[in-house]
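Two complexes, one shared chain (subunit A), two partners (subunit B, subunit C).
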Partner chain A sequence: MSARAVGGSNTRAWQIASYGMVLFFLAWVLIPICTVTLNSFKPATAIFTTTPDFAFVPTLEHYANIWAKGNFARQFLNSTIVAVGTAILALGFGTPAAYALTRLPVHGAERWFRAFLLARMVPAVSLVVPLFILLQLAGLKNTLPGLILTHTGFTLPLVVWMMRSFFQDVPRELEEAAVVDGASRWLTFWRVALPLTLPGLAATAVLVVFFSWNEFLFALVLTGPQMQTVPIGVSAFVGTVSVDWGGSSAAAVLAMIPMFVLGLLIQRFLVSGLAMGAVKG
Partner chain B sequence: MSRISIGLLAGLVLVAGVPVAAQAADPVGKFDGATLSLSRWAGDPWTAAQVKSADAWNAATGGKLTVDAIPYENLHDKQVLEMSNGTYDIMYVHPSWFGEYVSAGALLPIDDLLADASANPPGFSKNDYLPSVLSQGASGGKQYCLPDFVASVVVAYRKDLFDAAGLAAPKTLDDVLADAAKLNGKDGIAGITLPGKKTGATADVLGSLLTAYGTWWYDKDGKSSLDVDAATKAIDFYVKASKFAPQGILNYHFDEVATAAAQGQAAMAVSTTVSLSWVEDPAKSKTVGKWAYAPLAVTADKPSGELIYWNWCINAASKNPKAAYSFLQYWTSAAQQGAVAKVAATAGATKAFYEDKDLVASLPFLPALQGALQNANAQPSLANWSKVQDEIELAVQGAIEGKTSPADTAKAIRAMLDKELGG
Partner chain C sequence: MSPRRASRLEDGTLLGYAMLAPAVVLVGILILLPLAYSVVLSLYDWKLLEMNRPKKWTGLGNYWKLITDDGLHNAFINTVIFMVGAVTVELVLGFIIALAVFHMTQGRRLANAIILLPMVITPVITALLWRYMLDPQFGIVAQVMTALGGHGGIDVWGSSMLALPGLMLVDVWQWTPFAILILHAGMLGISEEQFEAAAVDGAGYLRVAFSIILPAIIPQVLIVLLFRSMDTYRIFDTVFVLTRGGPGVSTDTLGLFTFRNGFSYLQMGYAMALSVFLLATVGLISAVYIRLLRRRGML
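Presenting the complex of A and B:
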């Protein structure tokens, strides 16, 4: 057998293995989502079967129940406000911070960057009580601004670290040229660096929105009935002696749709944004 | 903790023909502009029924009561966090939290409100409630809460499978084990299913078994009194039954037990009357009409169980205690509980509830419930019971997994009770 034939055989084996891995992880990710989606259209008696039941008569009763009984619409609105508000605040503060620590002569910039990570290292559950007290003292408990501030605190490190990577990818020469032309630091940031990192900004914004949309613990503890968000609405189908699997599945599907659409809409930015900064030097 | 046999039987069985003042269906009082918040676990049909009652109460009184329903797993922590600031006026309190809340001074005594004619319907008195159930919401000579959600642990068995196998209805725990062994694996279904999850369900089942074997966690002074031999037998039953149960029962709460039964995955099920009643719901069950129910018993003449209930209590920091009481009185009335029972399979805690013959006839679980409650202890409500319960359930899980023997598990539980409650 020639070396070429052996090489070809190896390549083919690698291809098969690669496809196998991709299919495995796709199944790992998609099977639960498909199951939830199917369950949302199944009658209650068809959800629990020893072997998966695909031959069922679809029903919209679970979706109808959600809108009839709960305040899911209000929770959707709350989630939208909180996610958008968090993205605006986190990007509004995090992006200039990342730029300043990347480009400006800040003493101990590396240490500052690491300090930002602290907020992500502490388990969220250990911060619930201090945040509860803080927001209560500030009169922000059970308010959407209070939840937005909380989510902003938790997503800022993500924004700072991601945007740092994107700013590092912008050639310094471009900014120096702008400075030579008389632009201020702020103008250099606003007119030169920021436009070049827009795909990265979009990717970061999406991740922030995803986090805020799906966040459960703070939303549960820091809000009351009128300010609850979608994850609380989904969890409300889990009772102490009963779980409405059909209802929770339908609610989960509805909760997924906006994020799925958002992901599709900015897919182009997401891919290029996440690829930015991948190659250095 | 006293046995409730006499009091509860008086309420459940002997009420026929005894005239008791029926409670009015309308809420009492006007509370224009008062805004209240109620904290409870999420889950229908209970939450939906309560939201409906809150709407009716709002319309009748001019108040504005909002129901904050969140998952049970988070309810205790959320209530504790919110206790001091008066966010919640009304709190749904599990027995295992009741002692803790009372000790913390978080609950408002309602004796004055119960005795206040202007706060109650004409002819009402606290004697309208079953004394043995009402007393679970009292501590230190003060009444704090009004109860609802009365239930117990029983065994449900498939009549069709028993008939096909030529088996008689199980009358004792030994029968249950023998029948589970015979039916296990037939047509691919488990012999029995029961909960093993550390969520209170396992403690409820073991508590019912302990009572059946003639012991209890503690005495009337709240001191450890568990008889190790009797507890060994109870745990031994649990372990043996688990061998005929579906895989994964350590993650089974009452809900999963009822679901497995409803889907035809088990020939018998040990669970609460509430959850077992779902096997008769055509919307949820593939085995409607195939079930019969029996109380747990060591000897056939002594059915036993556990009094399962929840308490409705007023937050001591509430700014609207009279309005909060008005809703409690309205919600726990026979009329409201009767309406809930039709969709939620719980029993009320008023005597009048059991006088409604049509209602009683429509509740298939009631005979087994009545039997179980003839010899029952109430769900514990000591201040540190929440922690104790966790330890008990972990120990039972260890026995189910075969890590410890029933005898060693019983000894370990007794030692833990001695340490936590004092022996």
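Presenting the complex of A and C:
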């Protein structure tokens, strides 16, 4: 038994209590998710009952409906384009900056680094109006590139933070050896440091995708009907008086699945990523 | 070329700035410039629909209005209640569950995988989930209450007493997992010797939890507090989707109030002043935590 299971005679009771509490918490997490998933397969008659109804014939009509209407398919495509575009831009700009601040002789690197942290703390609500105006002036309002740009601004500081902590984990000796062998500093970054941080790069990319896929305020204000993303589409279901339970549940399930898959894939890196490298190790 | 410049090229100074500059410029254009712009605009009186007309200078007029605005006072109080309530529950519940996960000998990976699910769900969808859970007629909570012989559910979102606690519940559902994962990661970093020493002393479960584990994970506690305080203070999506600030103004928050002044009442100058206020207060909250973190060598 590991040393952490201490506590003398009452250890076993605490063990059982621990499992009990975790199980309760998992149920609390899963019940809403399962409810909405079940709803998405229920015919309307089974949704609108005042007693729990599990004896229903599953149907795919809600999925067929929201897909046939076209809006959701379009929103799904928009969200994918924006999330991938944001990840490419934010990593493309943020990764070199992180490397420069970690390994290259940049004056005041610590201060630049802290400036990025401050940028991360700016509330979205404080920026939405001026960005609305600036994008309009630039002719980028109601375009996907416009939305990608605003998401990039918000996630770039996060990328710099995370990638710096991953670069710090690369052994210095490896890079020094490459320099001694005559590689330029750029080649050292490109051929030595970058390949070694690929897992970190992937985890950072996934976090950026989470942010962009879930972002609501900018997508709401900066996009018109054609450029809407998934969260805006789902919010349209909730705001109305008569809610389309089946349709909205199906949309919710389709929007959740890709995030669950990505989340489980990078689970190992997610904790350090969420705390921006601050609790690593 | 002078020898000095050649050596600079070699040691990578130039490359360093070249790699840093694009990110700095982009953040400058997308964060700093809009921020400066909003400070300037907060000194004018203007409406969104009159973008091409000359704006009326009011100096600090918008800020004066802000001090005396009852709507803002209400939103501020709601926001602080929401922040303190939700963050406290998330931290306490997070510590209890993280401790329980820490004591598991089997299935910890699976538990962690399920625990992270709420965090990756779009807040809008979380709102939808809880709209269904708490629907007074067809929601699962109402169904269970009926089955137990009650009169069905309560309309949480339609009650000015329950709507704000309801929003806290939604935030707790979505973000307690964040507290669990961060605190659990901190617990994994505690050295085995400390536990062994405690075992030799015959310390019980609670004694170990509060005398060894809790002091060791104070940095992680601060990180949870920093992120959750900042995020709950500027909450927008969930409130916008679930209650729009209602019933009445019972769930109006700072984020929503600012948004409404800008995009519903079109009072852009005033909305900008509110944005600056929001930014300044968020800065104040984070400055306190960052100071605490730096004192512990975490930043």
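Here is the rule we go by: the second predicted complex is superposed on the first by the 221 of 281 C-alpha atoms of A that agree within 3 Å, B and C clash if a C-alpha of one lies under 4 Å from a C-alpha of the other, contacts with A are read in each partner's own complex, and residues count from 1 in each chain.
Throughout what follows, a contact is a pair of C-beta atoms (placed from the backbone, for glycine too) under 8 Å apart; a residue touches a chain by one contact, two chains touch by 3 or more.
These numbers come from a predicted model, not from an experiment.
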Next on the checklist: After the superposition on A, what does A:T150 contact: first (subunit B), second (subunit C), both or neither?
Outcome noted: second
Open item on the list: Once chain A of both complexes is superposed, is A:V129 in touch with subunit B (first), subunit C (second), both, or neither?
Closed with: both
> In the superposed arrangement, does A:F237 touch subunit B (first), subunit C (second), both or neither?
Replying inline: both
After the superposition on A, what does A:L77 contact: first (subunit B), second (subunit C), both or neither?
neither
>> So in the superposed three-chain picture, is A:I88 touching just subunit B, just subunit C, both, or none of them (first/second/both/neither)?
In response: neither
Worksheet entry | Contacts of A:F48 with subunit B and subunit C, given as first, second, both or neither | both
### Message
Tell me the contact category for A:V221 with respect to subunit B and subunit C: first, second, both or neither.
### Response
both
Request  = Considering only the touch criterion stated at the top, classify A:F260 as touching first (subunit B), second (subunit C), both, or neither.
outcome  = second
*asked:* Under the stated touch criterion, which partner chain does A:I33 make contact with: subunit B (first), subunit C (second), both, or neither?
replied: second
Partner touching more residues of subunit A, subunit B vs subunit C, is chain C
Both partners, subunit B and subunit C, contact subunit A at residues 48-50, 129, 221, 232, 235, 237-239, 243
Counting only contacts in the complex, subunit B reaches subunit A at residues 37, 41-44, 46-48, 51, 66-74, 77-78, 81, 85, 87, 188, 199, 253-255, 259-260, 262-263, 265, 272, 274-275, 278, 283-286
Subunit A contacts subunit B in the complex at 43-45, 48-50, 69, 129, 132, 136, 142, 220-221, 224-226, 232, 235-244, 247
Interface with subunit A, subunit C side, in the complex: residues 11-13, 15-17, 19-20, 22-24, 26-27, 29-35, 37-38, 41, 51, 96-97, 99-105, 111-125, 127-133, 137-138, 140, 142-144, 146-147, 152, 173, 177-178, 180-182, 184-186, 189, 192, 195-196, 198-199, 202-205, 208, 219-220, 223, 227, 230, 234, 236-237, 240-242, 254-255, 258-259, 262-263, 268, 271-272, 275-276, 278-279, 282-283, 286, 293, 298-299
Subunit A contacts subunit C in the complex at 1-8, 10-11, 14-15, 17-19, 21-22, 25-26, 28-33, 35-36, 39, 47-52, 93-94, 96-97, 99-101, 104-106, 112, 116-117, 119, 121-131, 133-134, 149-150, 152-154, 156-157, 160, 185-186, 189, 210, 213-214, 216-217, 221, 230-232, 234-235, 237-239, 243, 245, 248-249, 252, 255-256, 259-260, 262-264, 267, 270-272, 274-275, 278-279, 281
